[in-house]
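Listed below are the structures to be examined.
Two complexes, one shared chain (chain A), two partners (chain B, chain C).
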Partner chain A sequence: MEQIGERLGAPCFSKLSDLPMARSSLTETAVASRTRKRSHRSRRAEAIVAVLFLVPALLLVLMFRIIPLFWGFGISLTSATATDPGEFIGAANYLRALDDPNFRSSMVNAGAILLAVPFFVTIPMILAILIDQGVPGRGFFRSVYFFPAVLSSVIIGSIFSIVLGFNGSLNGALKMLGIPGVDWLGRSSTALPVTLIIQSWSTFGMGVLIFLAGLSTVPREMVEAARLEGAKMWQIWWHIIIPELRPIIEFSTVITTIGLLTSMFGLIYVLTGGGPGTSTTVPEYLIWTAQGRLNQPAYAAALSMILFAVTGILAWLQIRMLSRNANL
Partner chain B sequence: MHKVGLMAAVAAIMVASPALAQEITVWDVNVDEPSNASYYDHAKSAFEAAHPGATLTFLSQPDAEYYTLLGTALASKTGPDVIWANGGAQAKNLVGGLVPLDDKLPDLISKLVGKSAFTAPDGKLYFIPTTLQGHVVYYNKALYKAAGLDPDKPPTTWAEMTKVCDAFKAQGKTACFLMANKEGYEAEFFLSEMANQSLTAQQQVDWLTGKLHWSDAPIKAILQTWVDTAKDGWYQEGGNSQTMFMDEFTLFSQGSAGNVWGLLSNVAHWKVFEKDMGVDKVGVYPMPSPTVAADQHQGAPGVPLDGGVGYGVNKDSPNVDLALDAVKTLASPEVLTYLVNDAGIVPANTLVNTSGIDSPGLKRIMGWLATSAVPTTHANSSAAELDEWHRQSQLLLNGDTTVDAAAAALDKVQAQAKPQK
Partner chain C sequence: MARVELKHVSKSFGASQVVHDVSLAIEEGEFTVFVGPSGCGKSTLLRMIAGLEETSSGEIFIGETDVTDAEPSDRGLAMVFQSYALYPHMTVADNMSFGLRMTHRPKQEIAEKVARAAKILRLEEYLQRKPAQLSGGQRQRVAIGRAIVRDPKVFLFDEPLSNLDAELRVQMRVEISKLHTMLGNTMIYVTHDQTEALTMADRIVVLRDGRIEQIGTPLGLYHDPDNAFVAGFIGSPRMNFLSATAQAGGRLAVGGIEIQSPVPTRFEPGTTLQLGLRPEHLDLREGPGLRATVEFVEALGSTCYLHATLATGETIVAERRSSLPRTGDTITLHFAPASAQIFGEGGERIR
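What follows is the complex of A and B.
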């Protein structure tokens, strides 16, 4: 009736108002209209409050993320140094990056690091499932696994510099077994794998925590029902737990990828200094070198923009791929 | 009339107040060093006594991030009035933001040595050096004796140097030299130590201007010596993961190797080793090289010497004249005497009296400085070349590249950093 009234327009209301049913409907319409107005006012007030809450965060993001991003892009198109604003040189810094063997090497290293992402995601997931399934001493393991996550990368780097130095504890133990020592951090073949293992050790506790939070959303009844039906442990994992964890796997994969590409600087700085040669140099380390050591902020900005684009594309691809799988 | 007078007084105070509250800030990484405390205290007192109402404030900066922080501050026009810097590539990177000093402090400059580390390609001096930095070899006399060597006769030629390292190798207990190339700094020292006798004076000039290339015979020979000495077992294992400051020098003081490439001022120098090891336990000699250039002398190696650290004036400082006076105070012989006596630096100001220091090591060093000083080759390299040399030196040590390939990679960087017209 309300819809009819609306379609008929205002002149028709006088005729319809003679009918008792129509009168009642009109009253309802008036009430609904008032309710709608109140609701509209309420939604507007809510929106204003929401905006007020969001404004500080938006301003911070704008000021410290968005503006510097565009500012950095502007600098990347110049020949600026620390003491000279330089001049517009177009894409020269980007072309230079393509011709820079150290940058190419850092991108190859980044690719090698990305190959390790499945391990960075899988290991915490398996450990979290084991804890969640009720292994003995799970409270202890939960604390121990998380412990490295509270240490700064500089402290972790310093600890492992001592452990993995040529005269360090690991080689000392190997020598006791009659195995010759290895310069773990000074050989090109071992430096990057060792760095990745340390990075994994220092971050997997956070991954375990994230997966434990995700596991709390897996329906217990479904797991119990499967168990009662005689499903084996691996079948429960494969057919119930892991599919239920898909959003968490997706989240963990994306943040691990971004973290590996943009947050390994502290560890590399202390552990290997990017060497030997460029064997542990990643793009973010090269960005710091260009800015901090070589006084080339414009080139550093260009490298930053490339890293931003690569990280953005990878994150987008991962989200797209994993979301599509989740809908299957 | 009273009102006019009052307004004039207020206006006068407002105009005068910036002058009354003038503060000169100095950024320096050594402020927290206990042995330097008396130097900074006396510099502050002398400056503030000479400029009533002005204050001299030293702001300690982290060593590792110093040039990143400074570059950012200068770019945003928020840098300090007075800037501390190491001589060489880093100082030369900053000159665009500094005041040229040649016409501002001519009397002081005429008394200084070690200026080339702070002289820009335009020929102007942008920092006043306060210390001299140089490279010599310190050796452990007890270990020399244990290896069957005469501790009072350090090597003066490459043949003698080889015999010393052969003796350490034969003994098999300690390395001949310590190698600490995790950051690539040992390779920098090595370049200057080897070039000191193997390059002619003209080749040193050509190196500075970029006319002498990494692939040219004299420099390639240095790269080859780097590889050969490693193959000949001069160094301990794990050199590419060994840090230099200060682990390497602590290891030397503890008797881990017979020799170490050390410095003259600030750190890893005669005063530190004499204090840690005992005056009669440590000796010093200039490093010989395999080839001796036509204008050099066999058996008399030179000492790579240049300005160590210095102070410059920010061109955007609101008080440039006062900042210049602060630099003058920091480099004055009266104030530098405290740095010499307490920290054991070798001063860049020739008017500083060092005769009171009773150190056999320093006396020998001062003698060489008067007769055998040569340019510090790595300080005359660009920052980009040194950065690449760090990488290539590590690859050469590991056998991951060849001398020819390393020289070619370094040539490419040199051509970009020092373009030839």
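What follows is the complex of A and C.
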């Protein structure tokens, strides 16, 4: 019936055309210029308000990110300690890093961690697609999966050092099944993989949420069309849903990479302290050791600059890939 | 090609029932249009035939097969969606061949079918483009092409022209009708636009609130509606409904005058009725005349519509082909009582 209403409604509006609408062109111009002036003024006021809101954040970023970055670069070229500003020594700290076996193994560990990025991206994606297919209790899964993301890495580290300790509950459970216990965090072959699994457990909820948001933009009719055409479930995933999620996959890859390189410190500090040996020492842990333990802020600054450069280059490569595919 | 039959089909979403006991047979090769206002259940009914919505009760047959619980892909249907539902990351050719590729048909067959569909729909030069590089009309043609390559028993169209502009809509309407003539498949087409229904359908199913109001040919529904809803929905501008009161001797008081009742049914004097008059039936030189004041003249070139008010305050739309009055003029609208239709107070047609 709305249709009919619209049809009947139209002529009523046309009646307005009978009203005396003529206005002198002079008045019209005056009104137009006044409106223009007013809109110009209000636009400027809006711009000022916008700038006022942006400035505090800008100042914070400048003060705590940009200035320390340059400051740190300056320090990295000196022999400074906590009490002594030291003197300019050029690239000596960087050359020392190249010779430092701890640094080299931390870079190897970082490389190993990066190999895990595909798992960090695909596991949340698969879980999100499964939730999105309409499993009963969708909200329940979403909250349960997200729950670890609200825990601090210190709490997570503490929980898992209890569970995974040699006399911990995991080995206890294995013993009941007749399987000998393993010192999960005390063996160099298992410490890094176990740490990565814990990191993935504590962060995948956020990934699931990001993918669920992405999935809500995949048109339902597209999946229905594929179903009607006889595509099987996995074919729909592979040919329709995953290509549609491509921007989300790329976004998730970038933030996961940055996250793995720069925010595993808390977990490693609590779980393994970088050991055994250097098997879980990552660059950011090494930076902390140089600064906090060895009182070598200049060397720590040089390591920070290297980590910054590596993360920056990786992010740049990934963003380039992302924008190249933007027209898809 | 196949016949489609619905037997006592109903659909509920939770507590709300959206399709009520619909029974309907669509003959092989027929072009059937489901039409009705928004929320009348027409799209739900189509999606139930497609298998995209479960059927709460009743049975659906395609050909001789009961497909009520069959998977969408096992029903031998192809569907064209309002949003086109093209796969944006695939070329036109890949979009059209998607279903065939997924069901592992031979490459030769796929190439032939895509080429044939592209030729029918004049898409040959666009085969390597992505949907984003096509216009709305071209995208809809790709969606139709995707349906054609599958050689379906039945084509389903869910408001396929709603996203197109007016001119393109008219053009695509003609193209889809031609396609039906050429392919001869059974087609079911859902629209809220009665003009599409009138111009394309072999048979129209008018739905309201999940119930069938009437099934018939376009002209059948136009000239012989079963109730005031169908009479008002089919035809543009819509039929005029005037309040009428039965008088003694088979006469009716309507719009300030009295006429002889056009139907043999005898009414108790004082019975309230509705008199339905199509705008084009109010352009006579003689016969009973309704006095009316012209409010607005809608000139469309070949014809004009007068929007006028009767002495009773009711509004009326009349078609005029010559001698146009002006706004404010008082005119007499003559009509033949036999062209009028009588509806009861509840909207039912009285013959």
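The rule is simple: the second predicted complex is superposed on the first by the 272 of 328 C-alpha atoms of A that agree within 3 Å, B and C clash if a C-alpha of one lies under 4 Å from a C-alpha of the other, contacts with A are read in each partner's own complex, and residues count from 1 in each chain.
FYI, a contact is a pair of C-beta atoms (placed from the backbone, for glycine too) under 8 Å apart; a residue touches a chain by one contact, two chains touch by 3 or more.
A quick note: this is a predicted structure, and the numbers were derived from the prediction, not measured.
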| item | value |
| --- | --- |
| Chain B versus chain C as contact partner of A:195, first or second or both or neither | neither |
| Touched partner set for A:219, first chain B, second chain C, both or neither | second |
| Which of chain B and chain C A:318 touches, first, second, both or neither | neither |
| Partner chain in contact with A:153 - chain B first, chain C second, else both or neither | neither |
| Which of chain B and chain C A:278 touches, first, second, both or neither | first |
| Contacting residues of chain A [partner chain C, same complex] | 1-4, 7-8, 11-12, 14-15, 18, 219, 221-222, 224-232, 235, 239-240, 243-244, 246, 327-328 |
| Contacting residues of chain A [partner chain B, same complex] | 80-84, 101-102, 161, 164-167, 181, 183-188, 272-273, 275-278, 288-289, 291-295, 297 |
| Contact set on chain B toward chain A in their complex | 65, 67-68, 70-72, 74-75, 93-98, 182-184, 236-243, 383-384, 387-388, 390-392, 394-395, 397-398, 400-401, 409 |
| Parts of chain C lying in touch with chain A, wherever the complex brings them together | 37-38, 50-52, 71-73, 77-79, 81-83, 85-89, 98-99, 102-103, 132, 146, 150, 192-194, 232-233, 236-238, 295-296, 298, 305, 307, 327 |
